[in-house]
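The next part holds the structures, each set out as structure tokens.
There are two complexes below, and they share chain A, which is joined by chain B in the first and by chain C in the second.
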Partner chain A sequence: MNSAHENDRLLACRGLTRWHGSGCPACLEETGPERNTNVCPRCGTVVALAQASLDLRRGEVVGIIGESGSGKSTLVKMLYFDEEPSAGKAIFHGPEGVCELFELNAAQARKLRNRYLGIVYQNPHLGLNYRHSAGGNIAERLLLAGVSHYAEIRERARVLLRRTEVPEDRMDELPGRFSIGMQQRVQIAKALAPGPPLLLLDEVTTGLDVSVQARILDLILELQHELNIAMLVVTHDLGVVRLLAGRTLVLRLGRIVEAGLTDQILEDPQHPYTQQLISSAL
Partner chain B sequence: MVDAARPAMPAPVLEASGLCKRFSLHARGIGLNVLHGVHLAVHAGQVTVLTGPSGAGKSSILKAIYRTYLPTAGSLNYRTGAGEMVDLAKADDHTILHLRRWEIGYVAQFLHCLPRQPALDVVARPLVERGMNREQARAGARKILAHLRIPEALTNLPPATFSGGEKQRVNLARGFLTRPRLLLLDEPTASLDQESQERVIELILQAKAEGAAILAIFHDRSLIDRLADARVEVVPDVRVEPLGGDEGACRCDRP
Partner chain C sequence: MSNAPAAYRKTAGFPFAYLDEYAKKEIRRKLLKALAVPGYQVPYASREMPMGRGFGTGGVQITLSIIAPDDILKVIDQGSDESVNACNLRQFILKTCPGVKPTTRPEEATIVQTRHRIPELPLRKGQILVFQVPYPCPLMYVESSESKRKQMHSEQDYARLLVKLYEDLVHFKEITISSRYPTRIHGVYVMDPSPIPRWDVPKLHQSQAIHLFGAGREKKLYAVPPYTDAVPLAFDDVPFRVEDFTDGGGARRTCVRCGSDDTFLDEFFDNDGRRVYQCSDSDFCNRRAAAKTRNRKEDLCEQRARE
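== the complex of A and B ==
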């Protein structure tokens, strides 16, 4: 059965670990949900994420839930090269072959990120350049991905903005003048510009009005169906994983405490922490 | 749990043996044992009906087969379209997702779907996920919704505002449209009027004629008599016990 999916592999993370501090041999043993802390009592090191493994198939949407400080953002930031892992590896099956992300040199990593990865942050200020127009932000991303023809860049930016419901006549405006929901849509357009096989979404609807949230989620869902793009969706909102993700990982104090089909996680959670999380949802 | 009478016939599409389900409610410190060693077989071209009073665990059996509930013990041997054997109780999540997309359908009692999506797209979505072009999938959805007497004007609206019976028919349309090899039906006609119920029965008989293996729960005794090729009686036996140190083990197995 598994062999049928061989060609569907996109990403395999093994033992991803990230700590802040000097680290000591006891760090991993002395932290985690069982110890109820992510700070090593011996050396004070913060273990943001430990021994995280996950497999992602092409076109698959995986949710990552957990409270603040559980390590979920750390996970996606490492995959986007925003943070370096302290240990572990991530095998990426990209269009140009298979590679281990953290063995790449800086130039290779940049190239891979620019072409094959997209990220949408909770705060559009992290993903957008506010000194460039909406169209300019997308052009910048396309240039980095190796598209150099001016007319093509302009046309692709136009199509992407139309697709993300940003009025075309505002293409040359600075994103700072847009509503927060529209800024978020520009960020999504920018992330999608190079047509990456993997999109990382870090709390993209957190802090938005409910109606704006709904529009962003609908948009992500439509784009996912249309482009068959794989997504890692980090959120603390169970409704978001219910809506988007086929599988879900539950993180607590830097550890994956449970992984399963999203409907199973929501209806038959196994881990005490997941049970508490599900039962306290409104 | 009583086995259904099994005449000599080809190997079943699904065979459950010793299926147990326990919910470990950690906050309350209790284990809720709801299924105790269920045995059943579902054959191609047959309707197998789970009978028994409400609360007996009939829906839990369907959910355990579909993996919405994680089985605690036992096996769920499923024979795929390609003839491979997969134990649904132990298969990895990707395998289950693959089978859900291509082979195993489940129509729950209540419609769960994406909000704000028109009924037509709710029904067409599983076909689109199989890679069918959207318009073709919608055409199929339109046809089955019409068969189930959903007014054309409604099909472009999200089902959120529909009546209970209409939602249920949208749910059924989505479940039947993909023609799954194994179809799990949880009270598919519970809130339908007579005419709509007949339309659903037509779909069931058609799926059966096409060779689908159907495992169903029906509210209505006369429907069971009409449709059941085999019956499995589920005896209510919920046991509550304190959570011990061996949550992994199933202590409810009986000979």
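== the complex of A and C ==
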């Protein structure tokens, strides 16, 4: 690898594994797509994700597709420190140097998450505090990232809401009064507030009607071009990865069964499961 | 020392200062820890007291643990020596601590037990101020789980407290927290200074006296040692400020009794339904009012002498 390539690195996950249960030495062998189960027949442990490795460069968008229960959300939750991995590591090349995410102590992890990671959940209820105004939600994120200047917080919140097409004069309203599409845009503004190099999108358009979906996707695409943020896009909607992601991983029963350029995967799927997934969707 | 309590116990039926020596020792040990880690909430075994939890049992237990027969005690409730809570607790402490003398003058007292105020007169070195605390944790508003709050304290994760200040500024153009203003002690832990008004918060900063806080129902003790920083949370560009008692015309309101224009005032309606203001610190107000009449009399005497 040349050095330019080296500097481009943002995230490298190696062997990320997460199981729920006691775990036994046979767990990983006895589960997976070949065995057609993710429950270990010996000890009953559920293997949510096994041996997942992926690389992400700065400004790159990688899609993760798969059916529900395939481990997509588990992967994102671990990267956002919402869940702890059972094994594996993730190297993050952040603005303050390189670190292994799961070796950080709680305070370091919180700091890294607050400054350099953003997440947008499927349900805005998970990402927003409905007792605070839309501006207050963004302020929370900025305060967590260490901004303690009131006027600056106001101004940055205003800019973010403008950018995500939320009317500025509704900045001090409670998000509960907004339409779902607008709540989702506030959530995106909140996730973007500290200017993170990596944004995690967990099924952001699922459950929205088609025209709202299109506007949210447009917005995300626009922001990505403008701010050059790397994104991990988790979805089961093939249209979303086609639009957003340059590369795509296909997950099944906790394993990555196929990875490659999105076009290639959608047009010429190699793995039988991917073939099935794509033929059933189209 | 060892025989005296035992002898007292025999005659009175309970030990000096009501609590047994083991209980007092435990509380004193926890107080030392609280003083060593300023602003940190130390859990302790809050004893049953012959009064309901929430009536100042935390403060009473601290006072009883540190009091000796030669102490001079002042007890106030909302600044007043005469209100119900102050009278009851004072009676209880005097009854169970023979030798202790009561006073209303803060400068004479060795221990001042207080509910919701700090006396107007500055305290000096060697004095101890004991606060009765209903809710010890400033994070209570933003996080309901105690174990998460503990973790937030240990990581000094206080940003979410500022969101409340942000929302206040947005909606009311000023911070509306009237009491229990979150205050950072010694640059580390943020503590709840008990329901004292914002007016009193700056008095904690670099004070000469010892401040001990006891929450009996919540079973927590904490402290601000002398000469320690106590900095109220605020934005860089919106500084903390105390209550301002200016009226619509921009003039400082004054106490209706003593005429003070530099004290914390309580607002109430007099018999004619007029809004009036009076010092909340009753001892301070009484003495200023007395000095005023004395001056008036002296002036009168002088005037007569001249005539």
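Just so it is clear, the second predicted complex is superposed on the first by the 277 of 282 C-alpha atoms of A that agree within 3 Å, B and C clash if a C-alpha of one lies under 4 Å from a C-alpha of the other, contacts with A are read in each partner's own complex, and residues count from 1 in each chain.
The definition used in the following text is that a contact is a pair of C-beta atoms (placed from the backbone, for glycine too) under 8 Å apart; a residue touches a chain by one contact, two chains touch by 3 or more.
A quick note: this is a predicted structure, and the numbers were derived from the prediction, not measured.
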Determine, under the contact definition given at the top, whether A:L75 touches first (chain B), second (chain C), both, or neither. neither
Chain B or chain C, by number of chain A residues touched: B
Scan A:G246 for contacts with chain B and chain C and give back first, second, both or neither. first
In the superposed arrangement, does A:I220 touch chain B (first), chain C (second), both or neither? neither
Going by the contact rule set out at the top, does A:D55 touch chain B (first), chain C (second), both, or neither? first
Under the stated touch criterion, which partner chain does A:Y150 make contact with: chain B (first), chain C (second), both, or neither? second
Could you look at A:L128 and tell me whether it touches chain B, chain C, both or neither (first, second, both, neither)? neither
Considering only the contact definition stated at the top, list the common interface residues of chain A for chain B and chain C. none
Under the stated contact criterion, what part of chain C meets chain A in this complex? 151, 154-155, 157, 159-160, 162-163, 166-167, 169-171, 235-238
How about chain A: which of its residues touch chain C in the complex? 106-107, 110, 114, 132-133, 135-136, 139-140, 143-144, 146, 148-153, 172
Any idea which chain A residues touch chain B in the complex? 1-2, 4-5, 55, 57, 60, 214, 218, 221, 225, 243, 246-247, 259-261, 263-264, 267-268, 270, 272, 275-276, 279
Residues of chain B touching chain A in the complex: 23-27, 63, 67-70, 80, 84, 86, 91-98, 114-116, 128-129
